[in-house]
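As written, the chains take the letters A, B, C and D, and residue 1 is the first residue of each chain.
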Amino acid sequence: MSEHPADYTADEIMTVTAARALRDGRTCFVGIGLPSGAANLARATHAPGLVLIYESGTIGTKPDRLPLSIGDGILAETADAVVSVPEIFNYWLQPGRIDVGFLGAAQIDKFGNINTTVIGDYSDPKTRLPGAGGAPEIAASCREVIVIVRQTRRAFVEHVDFITSVGYGSGPGSRERLGLTGAGPGKIITDLGVLEPDPQTCEFTATGLYPGVTLDQARERTGWDLAAAPGLVTLPPPTATELAALRRFTTRAKE
Amino acid sequence: MAEIVPLAEAIGAAVHDGDAVAMEGFTHLIPFAAGHEVIRQRRRDLTLIRMTPDLIYDQLIGAGCARKLVFSWGGNPGVGSLHRFRDAVERSWPAPLEIEEHSHAGMANRYVAGASGLPFAMLRGYRGTGLMEAGGPGRDGPQHPSIRAVTCPFTGEILTAVSALNPDVAIVHAQRADTSGNVQLWGITGIQKEAVLAARRSVVTVEEIVPALDPRPDAVVLPAWTVSYVAAAPGGSRPSYALGYYDRDNDAYQAWDQISRDRERFGQWLDTEIFGAARV
Amino acid sequence: MAEIVPLAEAIGAAVHDGDAVAMEGFTHLIPFAAGHEVIRQRRRDLTLIRMTPDLIYDQLIGAGCARKLVFSWGGNPGVGSLHRFRDAVERSWPAPLEIEEHSHAGMANRYVAGASGLPFAMLRGYRGTGLMEAGGPGRDGPQHPSIRAVTCPFTGEILTAVSALNPDVAIVHAQRADTSGNVQLWGITGIQKEAVLAARRSVVTVEEIVPALDPRPDAVVLPAWTVSYVAAAPGGSRPSYALGYYDRDNDAYQAWDQISRDRERFGQWLDTEIFGAARV
Amino acid sequence: MSEHPADYTADEIMTVTAARALRDGRTCFVGIGLPSGAANLARATHAPGLVLIYESGTIGTKPDRLPLSIGDGILAETADAVVSVPEIFNYWLQPGRIDVGFLGAAQIDKFGNINTTVIGDYSDPKTRLPGAGGAPEIAASCREVIVIVRQTRRAFVEHVDFITSVGYGSGPGSRERLGLTGAGPGKIITDLGVLEPDPQTCEFTATGLYPGVTLDQARERTGWDLAAAPGLVTLPPPTATELAALRRFTTRAKE
């Protein structure tokens, strides 16, 4: 067993936890930032056959350093195939060929609906965020979605100000009624632990917490009445191997 | 048939006040030199169309060229906000900015419809999102101008229709053209072919003009008869990149965050880097 | 994930009696070796789907494998008729052949819809033609099963909808695969990518299996995880051609006109060339 | 002036007449057989900038011998661009980018409607023909269409047995009602001469006859009441230059 170093950052434990959620041989639609770090870490450790797909049209890409944008040259140069932007969405994402989609969020509600569009009123916004990008169709069509977001009361809200990407809509049956083909968000990975949807209600509940994090802390930072799932576990911290691999990537990205 | 002309001449001929202009390039090959020339020629009331507005439209918006923005993701990739874009949307500076907002899949399909001579494209998308309405949830806004439902005549399924994009002019950057004006780009080729084929006119800036194009993997070729103007603009996509020529200048993307935060500092940047710079 | 197996095993596993089978390759890279293996394994009641039936489907139809043909151009290119196809349609020999007929544009878009996970595709096409009805002019036939009208929700224009093609199995030939099962084809790549992505299962025969694929101009790559079976079949598209490997055997296309005109002579050809030939 | 050699075949004068109809710098959607010969001849003589496009996805192809199929390797190897079959129809043909489309016919009526599907009843045909291929959309979307077909009573009929490709439908206004964007067939080039549509009625009339051909001979071989256009001309025979260029192509094709 590897030892568990005590000093890791919140980003690092989030990235490692997300990487562990990716099984070998799966196909993964990756966004930039933490998702890209997690997917590349998984490929460098337990999932060498993980297929990384970026919305820039690069399929099966194998970068040896973390790209800083979703369209870096390294992604094209190491890809199995490079296709046009319409093709990546129409032939690859839309038919449900992709196992896992990774998303971030500015706001997320208890049903996993995501806002990356505006804080406040759409026509007179307090804060204008970047908007949708590829997220709505990733959320609709990937077989499963994993969301990575820091857990704060500002982000974890009862109702999002704008639904950019649909999670479970207004609860059980929503996705079916909307004709969304993917199963929806399976995990929200935060800097406190992991939330998963209750199989009955589709409400996100705490299923795992990092070492030293309490359920009360998690509740404190959640805008809805956060329940603990039966069998709530303490999640294992990053191993030395995982941290070393992750840090190799991030160091190279800065070179 | 493509005319090979200097950049200032191409922009002068192709881009008019009030035009709908699409400058495309998905992270790669963003046509910055051409965008700067549009600012330099002080074009006004443009409808700017672009999947990822990026720094290039932050600059055009801040410079007061735009009346409207049609887009799907308006951030500084890997850095954060586009501050000139936010200042326009949140505080109407330097002028109010109308926005028409989509997802990437929707924008890509709107270009596909435009390039295909169809009035709309169809996709599985938007359903259940606030994007379906122009005004977002909880607000009795008008219907989104370019999103509708369409029913499959075979299965009865309800799908999403988006209207075609046919810009007045498309502007893209490519690695090469030959002396006849045939254009070749490779690497991440994004939506450029569709943008050029969908547009009424087009300007292509290139890293170099060569006697003949040698076939290359993952290349898109735009025959000369599909392009209006070709202009040599070496380095024309900096701080974005041109695969095989130069890398993305990530520091410049970081630095833009500071330059663009402040109206005055942005104004200095415009004076020095755009209006102060010699015409290409 | 692609399994690399012998051709007979791939066909045995992927193609069942009653399946809808698409063998594609637009003039180039026609999967003859795989088609012959389907005849050899005596598959029956197949719905054969292909834009240009060509000699390959003339042979399958004459051998009695087909119940139905879905197609857009059924001739011997540059030579004339497909006599086994005509014998089936005109005289129900060796069995009646149901046909579902389209234009190339319609068939291509049906595959695109299938590959895109959409129930239909839309195009400007068919309007005013006899293809709109199943039975042609002057006949009260039923409506064509896979052509309908669709109205643009933005402009009110009436366009043509065609239903998606999602074959049970797609069979194509390519120049190469690597040892992981990633497939690469180049030159005229036709509709093969769409056929494979639209199908539930797929068989790809290749000229050779190489350690790694080097990038090539005009290449299409099908990642291993999109393909069910890869089988080495050198020369597997003869008398069609494989760019970079061998030329089209135009004499064989000419000779087929005589072989196929006569039922008996065709029977001898089947016995000698298909059933008499060793299994691959 | 070149001399006009007396011995040329019917195919040769048809091909040469068709080639002359192609102006330099135009884009031309080419079918196999006589259209391909005509387009390549035009490029080798008066129209070096003619852009040849084949439905196999080859754009701006410059073969030095006549291809025997529309998908010969030489077409891909000498093309400016090679695209997929859906792309050639959707991005290139459908939007009306192509100036001239060339079509053949088994039957053609006085409004230029073409049958290449069946002789006899569709469900119980006397002769099953190859079918539509790319023709219906070429007929609908090219800015202009040129038809090349030998003139016989069997081919030039009052009513076609099946409309595979629409000419002027049932007369003036039909194309507009059907939403067909191209102008329709501008010429039928036969082994007797050239027919063009009457600007008022859309009915095809004789506008030119080859040397030695009479209007009565043309009427004899036409299934409708063929009118002579005002200003019916005698068409110039092939020049020695044209014949030499054409024969160079056909010889090379057989090598």
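Just so we're on the same page, a residue touches a chain if its C-beta (ideal position, glycine included) is under 8 Å from a C-beta of that chain, and two chains touch if they have at least 3 such contacts.
This structure is a prediction, so every number in the text was calculated from the model and none was measured.
Put simply, the C-alpha centre of subunit B and that of subunit C have 39 angstrom between them. Our note on geometry: subunit C versus subunit D, Cα centroid distance of 28 Å, whole angstroms. In subunit D, the residues that touch at least two other chains are 90, 94, 141, 181. Shared interface positions of subunit B, defined as residues touching 2 or more other chains, are 112, 117-118, 123-124, 157, 193-194, 218, 220.
Viewed as a contact network, the protein chains fit none of the simple shapes, being neither a path, a ring, a star nor fully connected.
Interfaces, counted as pairs of touching chains, are A-B, A-C, B-C, B-D, C-D.
Residues of subunit A that touch subunit C in their complex: 25, 27, 51, 59-60, 80-81, 90-91, 94-97, 141, 181. Across the complex, subunit C meets subunit A through its residues 1, 112, 115-118, 182, 193-194, 197, 220-223, 225-226. The part of subunit B that touches subunit A in the complex is made up of residues 26-28, 51-52, 71-75, 77-78, 81-82, 85-86, 89-90, 101-105, 108-109, 111-112, 123-131, 135-137, 139, 141, 157-158, 187-191, 193-194, 218, 220, 241, 243, 247-248, 250, 253. Partner subunit B is touched in their complex by these residues of subunit C: 117-120, 122-124, 146, 148-150, 152-155, 157, 159, 161, 163, 215-219. In the complex of the two chains, the subunit D residues touching subunit C come out as 32-33, 55-58, 68-73, 75-77, 82, 84-86, 89-90, 93-94, 117-118, 121-123, 125-137, 140-141, 161-166, 169, 174, 178-181.
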